[in-house]
Structure formats: C-alpha cells, structure tokens
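Presented sequentially are two complexes of chain A, the first with chain B as partner and the second with chain C.
Coming up: the complex of A and B.
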C-alpha cells in the first residue's frame, strides 16, 4: 500500500508538522473535516483493518468525549452568555461548546494522525531510516533495536518467575499490597537476567565490529522519493480544503 | 612465517577480585589450525575470548598484562572494531547474540559495521547463509528459529566477514544432542573448504575430537596445564581431567570405566567399531517396587491445552505411580515443558482432569499442593526469593509447625548434603552455576514432596556439578519419591530412569521403559530426534562384531 511504502522518517516529520498546524486552529470545523480526510487517507491508502483500528481508536473517542464534557462544564465565563445553543435539552453557551468541540476534535485528530503512522510503519524500518535521514546516532538506534527484541523475552521471563515463585509458595497474595510485594520480589531475578542479557548482546554486537561510529553502510537503504512529496501534498490539500470551508462558514 | 595467533604471558584480573582469572597463558595457533580449549566453569574461558578478539583491555575493568598478537599485530594497536574482521566469535547463548529482527538483517549488520558497499551485500549475505545451509531462512524472523538454527546463523554472521580466526565459545552448550551433532558437522564441512583458524572453547568433548585432537586445558585458576594431543591427556592426566570437571568423550569414559588400563581408548563410536572390547552390562539400580493397585500419585485424564487457538497439548492421558523415575523427552517445541507445568498444577488444562492422590487438582488448596509437588526450573535463579542461601532453604519451612532449632538442624542437614553448608551466608545470585543448581534442588528437597518435576536440570552444567546433581536426585529417588525429569540426555535416561515418555507435536507418542526403547525401531528414534545412549551404541557394535566373527568362522 501507498502509506506503507513511504519513507518512515519523512512520514513522521510530515505528521508532526500537521499536528503543529492543528494546534494553531481554535474552531471545530477544520479539525472535523481534516479528521475525516485523515481517516479516509488511512483506509484508502493504508489498507488498515477496521476492527483493529477501532480497537485502538475507541479509547481516544472516550477520552475526547470526557474532555468535551469537562470543558463545557468547567468552561470560563463566556463573553456573550446570551448566545446559547440547546443541547440534550439544556441550553449551553455557544462559545464554550465550540471551544470544547475544537479541543476534543483536536485530540481525535492527533490520535488519528498518530495511528495512521503506527499502523502503516514497520518500527525497525523507522529506526533505520531515522539513522539515514535524521542523523540519529547508530549507538542509540541499535540500542533501541536490541531493546525492542528484548521485550517479548522479558515478558516470557516474568511469566516463568511468577510460576517459579508460586512453586516456592509465595504467591498466595490476595490484597493489592501483597501483590505489589510479590512484584518487588520478581524484580531482582528479572533485573539480574536482563542486565546479563544486555551485556552479552553488547559483547556480541561489539565483536561483530559495531563501534557506534557514524560511518557505516546500510543494507536496507531508505531515501526520500517523489511519493513522499505526494503524501505531504495530499495532506496539505486536505488541510487547506478543511480550512477554507471552515473560513467560508465563518 | 608468523603464526596466526600468538598469546604471550597473558594474565588478567578483574577489578573486584583478588585472584587472577587468567595466569601466564602462552600458546600459538598456526594458520588453518584448530584447537579445543577446555576448562571447567569459572576457569576464565570466556574472558579469554574477549582478550583474543580485542574487546579487552579496552572494555576491561581490571588489569591485563601480556600480549595477544594476530598476524604479528598486537590487539592494543588496533582500532576499535578492527579486530572483528580478523577474529569472529560465536557465543554460548543463542538468544542474546542478535540485535536485528530477521536473518538477513542480522548478517547484514556485521557487513554494515565494516562499511561494505550496499551493492555487494546481498551476494555476501547469500553466500554466508549458504555455507551453513540457512539460505531458505533468509527472510525469517530470528525469534522463530530453533536454538541450533540460531547458532548456525551466528556462525554465518561471522563467516560473512571472512575472518581468519573463529572462536566458538561453548557454541553447543544450550543445544540438544541432534542440533549439536548438526552444528559440529556443519563446522567440519566448513573447515574442509575454508582455511580459517579455529578455537573451540568447551567443557565437554563429545563430537569435537573429529575436528581436531589438539587440546589446551585450563584449570580452575586459569592456568594452562596441558597443550597437546587429547589422547596423551586422557592417558596421562585422566584423573586430573575428572577433578577439574572436564567431560572426556562419553565413549572413552564408558570404556575406561571397564578397562581402566587400556592404552589407547577410542574417542568416538567409529573408533570403537574398529577395535571393540568387551563391555559388561551395567546393573541399573532396581527401582522400588511400584504397587500398581494403590491409588496413583498423579493421574492426567485426557488433558488438552489450547492457547490462542493453537493446540499445544493434545489429549494426553498419563498415570504416575510412587517410586517412578520418569524421563520426558522430545524435540524442542514438542510440548514437554507445557506438560510438566500442567502436571505441577501451574497451568490449568483447557479440557480434561488432573488427579493428585485421586483427588481433582482444583479441590487442592494451593499450599497443600505445593507440599506434594515440587518443581525445579531450568534457570535456578528464577526460583530464588531471599537474600542468603540459608534463608532460601529455610523459606520452604516457614509454614510448617517446627521449632526454630528443628528448622536450623534440618536446613543445615540439607545444605550439607548439597555441599553448600560453607556458603550459607552467601547471596544466592553470587553462587557458581553448579551451586545455584544444587541450591534450587535443595529448596525442593527440604519440603519432602512426594513428586518432584525437573525441567532440564543438567542444562549448561559442567561434568562435576552434573554428577553431584544426579547423586542428589538418585538419593531422593531411593527414598521412594517420584521424579519426572525433562531431559535431552539419553545417557542419563539409561543410567537412572525407569520409564520414558516421548512427546511429539503435543502428543505422547511412546511410553515405555528405557530398555524397551533402545530395542525399538532405530528409524523411529531418528524421527523423534533422539539418539541411542553411548552405552547402548557400544554394546550393539560389540554384539554385531561378535556375530560377524561367529558367522564367518
């Protein structure tokens, strides 16, 4: 798919730029329209599965609704209290409602943009391309990559330690406090083995000639191509249209 | 001509320690030559690796004296990373030597480090993978490879850099026997086709003698006590080898046990075939009579276990009686560990029932169940919960109604049997590998559980600590306890087990006594990725030869 083929760093930078753009908008129409645009781009050019998307997007919707309610309920005293609109049978000051809507839509839009990136980007490629396009030092980049491999290992290990301690008869924790103490007990074996593993990995990397030096070649090369510019243009068109329509509506 | 590798007077001491890890090492290695470097755990073998590939003294917290020359150039005179092109290392732990996700990226990592041009990489990656027969796995995720495949990948990563010296740091310590055999034979082929110097660091010798017979032996103080032919050592210093905890080839050990004065004992099964000598059948200690009419200790009825729609165990029914010594074997991923966790009541089966003393496991109180069933994990550290060896053992007694003096007496008795009494104030994490293993077994012995499950307890241990461990387990078995042990070690099964259960793809495919298994179809054994124990192999060869003689005369 189109979004998957883009240069990850360029994609990230573009998205960050639009998040900054959004932060300068204080009315609800632009974020609403741009949100629709972002969602359309994600599904048309990213082929993201709807079910998975909803699973991750729902928490943001809940969060945005919560924000909407609190910003209306705890809004500053409006300049023009007589200008009200009626909502759910109560009349509310129009100004507060609009600010609240703008805020929550902005949250949703930032979430949609981030999810667009997360669902269409291979994290490994992102890190590799950050080294190539954004001059991220290899020392940090490969550190993160090695750490990324560790996560599932740590999860497995935590399971084993949990079982092992249960066998010793410690795991009859019922209260939160006891559970917390149990987790503290897992910490030493977990840390001991993590440190040892990290050390071994570092040794192995060094003995393959890794020095953290910036002069290195790349097997997977990432470059910025025409399609990357096309992506920015698509997003820019969407943003401009949303802005213009909102301007027309006043 | 200068030798490929020359080590002169190499001594090394870590910052926090009083004694040298390595003392005055001197040896040479010529181009294309191979050597086995043997020593017990804690003899500084891995430290030596870091000295040879130039990581030390740069990264060392401590003092290092003496010189290491590769092609006449001292390691200290090279830039960081430069040595890696001449000296490649494959490490012991298959899990922690990679930093990328897929096979191709990992091989590329080394090439990138030395700045190989992008256009040349693909070809170099392919040829390196082809050398170790891993080309079909080029795009595979490293996490899904087996241990043996991971070690071959590690080797490919090194080969891609075309080093002149390859160091293997206990490369097969974490592999099962079949994967070990495969790794060694891959290496043997490579050695015939490519001209690299090879140092194999090991504590067991099986298989490696086919590659080279030159050995350098380190003792516990990090000194070289022999540099020469393996045959000489076995002849002259056999006893010392044993004391240092170095495994001599199992074939040799078996034959020397019967014929201690044999001048040229064979090192491999093939050598024995050429010159077989009579071996008497060894008596296996008779297991305590099991009374099958009593209620079985543990009964699994038709248990299955499904995780994420993936069936890990499939309709398993097993009955365990008191006094059995059961071995569970099978290839990696066949469900051995899952089954053992289930039998210990750590996991609930998706369907089916587990009965302990005839009572469903769900009706047991957790604390009561733990007094019936013990479990020794593969990595002993996972089980430690307190700060001293003494507390670790005493912890298991805290719920028992015992006077403090009784507790102390009992703990010290157990520590004494396990050879840990002197270390009772030490922190469990500071013990050596073998001591940690014994401590983890001790914590399970003190509770006097009637059933003890063990998950590959002999993994990565040296010869000496293995013997100690098996002695402990044997003693426990003699008291009438039931032991269920997951293992890859067929010799262990031959020597101790009364029953073998073979697992394949989450099913029990065989459940019989060891002697029945040895007599069975050899092709089946091959399919289950099992080998015959050395003693049985030798016996079969001897009988074949005798029959040949009988039929020809």
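Coming up: the complex of A and C.
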C-alpha cells in the first residue's frame, strides 16, 4: 500500500509537523474535519485492519472524554458568560464547551495521526532511515537496535529470577500487595543482568569491527522519492480544507 | 559523540528497554486517571517517565547522559509499539533537556541527592511547558494549571529523583556497575 512504501523518516517528520499545526488551533471544526481526513487516508492508502485500529484507538477515546468533561469543569473564566448552551439539563458557557470540544478532538486527531504512522511503518526501518535521512549517529541507532533485541531475553531472565526466588521459598504472592512487592524484588536483578548483557553485546560488536563511523555502507538503502512529497501534499490539502471550512463557519 | 564509549550507549539502551516496558505499563494507568480526574491524573505518576534520565546520569556521570538516555528510551518505546508514535521522540528529548540542564548547572560534577531531585523537577518543568502548548492547558483555569504543575513537580522529585537514586544505588551494590562511574565511586568510598 501507498503509506507503507513511504520513507519512514519523511513520514514521521510530516506527521510531527501536522501535530504541531494542530497545537495552534483552539476551535473544534478544524480538528474534527482533519480527523476525518486522517482516518480516510489511513484506511484508503494504508489498508489497516479496522478491528486492530479500534483496539488501539479506544484508550484515546476514553482519554479524550476525560479531557472533555474536565476542560468544561475546570475551564478558564469565559469572556462572555451570558452566552450559554444547555447540555444534559444544565446550561454551560458556550465558549468553554467549544474549547473543551476542541481540546478533546485535538487529542483524537493527534492519536489518529500517530496511529497512521505506527500501523504503516516497520519501526526497525524507521530507525535505519533516521540514520540515513536524519543524520542520527550510527552508534546510537545500532545501540538502540541492540537494546531492542534484549526484550525477549529479558522476558526469559524474568522467568529465571522468578524461579530462583521460588526455589528459595520467597515467592508465594497471593494478594496484589505481595505481587507488587515481588516486582520490586525483580527489578534490581533484572537491571543488573540487562547491564551485563549490554556490556557484552557492545564488546562483541566492537570486536567485530563496529566503529560507529558515519561513512559506513548500508544493506537497506532508504531515499526520499516523489511519493513522499505527494503524501505531504495530500495531508496539507486536508488541513487547508479543514481550516478554510472552519474559517467560513466563523 | 566521541567522548562516549559504545558500551555506555548500549547500557543506556538496555536500561531504556527495561523502563520502556515500565513506561508502557504506566500509560493505560495514566489514561485511566485522566478519565476520572482530567489532565491532572497524569501528573501524579509523571515522574516515572523521567526516571531513566536520572538513573543514566547518576550511573554514567557524563555530560549528555540525561538527555541521550531519555531520547534513546523514547526511541525504544516507539520500537516496542507505542501508539504515540514518532512524536514520542520529541517528548523524550524535551524531558531529557530539563534534567540535563540541572546537571549542566553543576558542570556535571555534583550528583548528590538534592541535585538528583532537582533534575527530576527540571524534567517536570520542561515537560510541563511542552504540555502547556501541545495539550492546550491554556484553556484551563489558572488554579487548575498551577495544581497540575505542583503535582508534577512533586512527582518528578519523588518518583524520578528519589526512586531513581535508590534504584541506581541498589544496582551498584550488585557489582554490575563496576566499570561505570557510579560503581567506581562506590568502590572508592568503601575502600
């Protein structure tokens, strides 16, 4: 699909730019329309599975609802309090309600933009392309990728620590409180073994000739092509239309 | 970049992986708190997201450790599949700068308890300024915003500063840090 083929870094920077644009907007119409545009682009050009998408999107909806009611409850004093609309039998200042709506729609729109990236990008490619397009030092990029590979090892390590504790009879956690105590006991050994692993991995990489030199060659080459510009133009059109419609409505 | 040993970068990445999981575990908790209490819900537990800065800076005691470690942690979180996506890297950098500024003020020489607490609060300050613009706190009542800021400062001081210090020292006692600044310092103190 189109979104999957884009350059990961270019896509990330484009999305960050639009998130910053959104932060300057305090009325609800633009984020609502741009949210619809973002969702349309995600599903038309990304072929994302709806079920998976909803699973990730739902927490943001809860978050946005929380934002909505508190932004109304703790709103800044409105400029003209006489201008009210009634909602659930109580009259609220119109200005506060609109701002609250704007903030929660912003949360949803930022979430939709982020998910558009997350669902259509191979994140390892993202790190590799950050090195090629965004001048991320190779030492950091490969350090991060090496660290990422520790994750399954740490899972095994956690089981070993768990069993080691258990064999010595300290692990009969039944209540939530005892389980929490157990996790505290796991953290230090887990961190210690992670640090030892990191030292060994770094030494192994350096002994095999990794210097972190910037003029290195890459097995996977990433470049910025015409389609990347097309993507940013599509997003810019969506944002401009949303903004103009909202401007027309006042 | 040249005064960094590759070993130290991978160690920061390893710390970031462990805490990346912890960070991700706290996100739904934060969202739930926000659902009930509004934006202030996050502030109670916000300090947990700065803890890598404090731990890495305290262990490595080098210029840039706080900033770099938080940035790396954000990258790892994105790798682990965080829904916040690329914006998280920007957030991580902003948080790292706050702690780094405090260590820079001591010329990266002083790592006493008070400095670590101040560094945790430094991250609270920069992350709050960032949140003020990105999440539109400007639309909220001033008292509420001040309450949020105070709660976040306390959270940064306690969770990032004190807990971070305690964890680093616990780690040093295991001997795993023998080739890093904190481990060396502890050996010197013991001798």
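In this text, the second predicted complex is superposed on the first by the 236 of 250 C-alpha atoms of A that agree within 3 Å, B and C clash if a C-alpha of one lies under 4 Å from a C-alpha of the other, contacts with A are read in each partner's own complex, and residues count from 1 in each chain.
Please note the rule applied: contacts are C-beta pairs under 8 Å (C-beta built on N, C-alpha and C of every residue); 3 or more make two chains touch, one makes a residue touch a chain.
Note that this is a predicted model, so its numbers are computed, not measured.
**Q** Pick one for A:70: touches chain B only (first), chain C only (second), both, or neither.
**A** second
**Q** A:146 contacts which: chain B (first), chain C (second), both, neither?
**A** both
**Q** Going by the contact rule set out at the top, does A:204 touch chain B (first), chain C (second), both, or neither?
**A** Once the two structures are laid over each other on A, A:204 reaches chain B alone.
**Q** Applying the touch criterion given at the start, work out whether A:215 contacts chain B, chain C, both or neither, answering first, second, both or neither.
**A** Once the two structures are laid over each other on A, A:215 reaches chain B alone.
**Q** Quick one: is A:115 in contact with chain B, with chain C, with both, or with neither? Answer first, second, both or neither.
**A** second
**Q** When the two structures are laid over each other on chain A, which of chain B and chain C touches more residues of chain A?
**A** C
**Q** Applying the touch criterion given at the start, work out whether A:124 contacts chain B, chain C, both or neither, answering first, second, both or neither.
**A** Both partners.
**Q** Would you sort A:161 into first (chain B), second (chain C), both or neither based on which partner it touches?
**A** So A:161 only meets chain B here.
**Q** For A:169, select first, second, both or neither according to whether it touches chain B, chain C, the two together, or no partner.
**A** first
**Q** Looking at the overlay, does A:224 come into contact with chain B only (first), chain C only (second), both, or neither?
**A** Neither partner.
**Q** If you lay the two complexes on top of each other, which residues of chain A touch chain B in one and chain C in the other?
**A** 124, 146, 188-189, 192-193, 197, 201, 203, 205-206, 210.
**Q** Help me check something: in the complex, which residues belonging to chain B touch chain A?
**A** Listed in rising order, the residues are 50, 53, 55, 59, 80-82, 84-85, 87-89, 91, 93, 95-101, 104-105, 108-118, 121-122, 125, 142-143, 154, 157-158, 161, 341, 344, 346, 366-367, 370, 374-375, 377, 379, 381-385, 395-396, 399, 429, 443.
**Q** Taking the touch rule as given, give the residues of chain A at its contact with chain C in the complex, in rising order.
**A** 12-13, 15-16, 19-20, 23, 26, 56, 59-60, 62-63, 65-67, 69-71, 73-77, 99-100, 102-103, 106-107, 110-111, 113-115, 117-118, 123-124, 126-127, 137, 139-140, 143-144, 146-148, 150-151, 154, 187-199, 201-203, 205-206, 210, 212
**Q** In their complex, what parts of chain C are in touch with chain A?
**A** 1, 4-7, 9-18, 21, 28, 31-32, 34-41, 68, 72, 75-76, 78-87, 90, 133-136, 138-142, 144, 167, 170-171, 174-177, 179
**Q** Please output the residues of chain A touching chain B within their complex, sorted ascending.
**A** 124, 142, 145-146, 149, 152-153, 157, 160-161, 163-172, 185, 188-189, 192-193, 197, 200-201, 203-211, 213, 215-221
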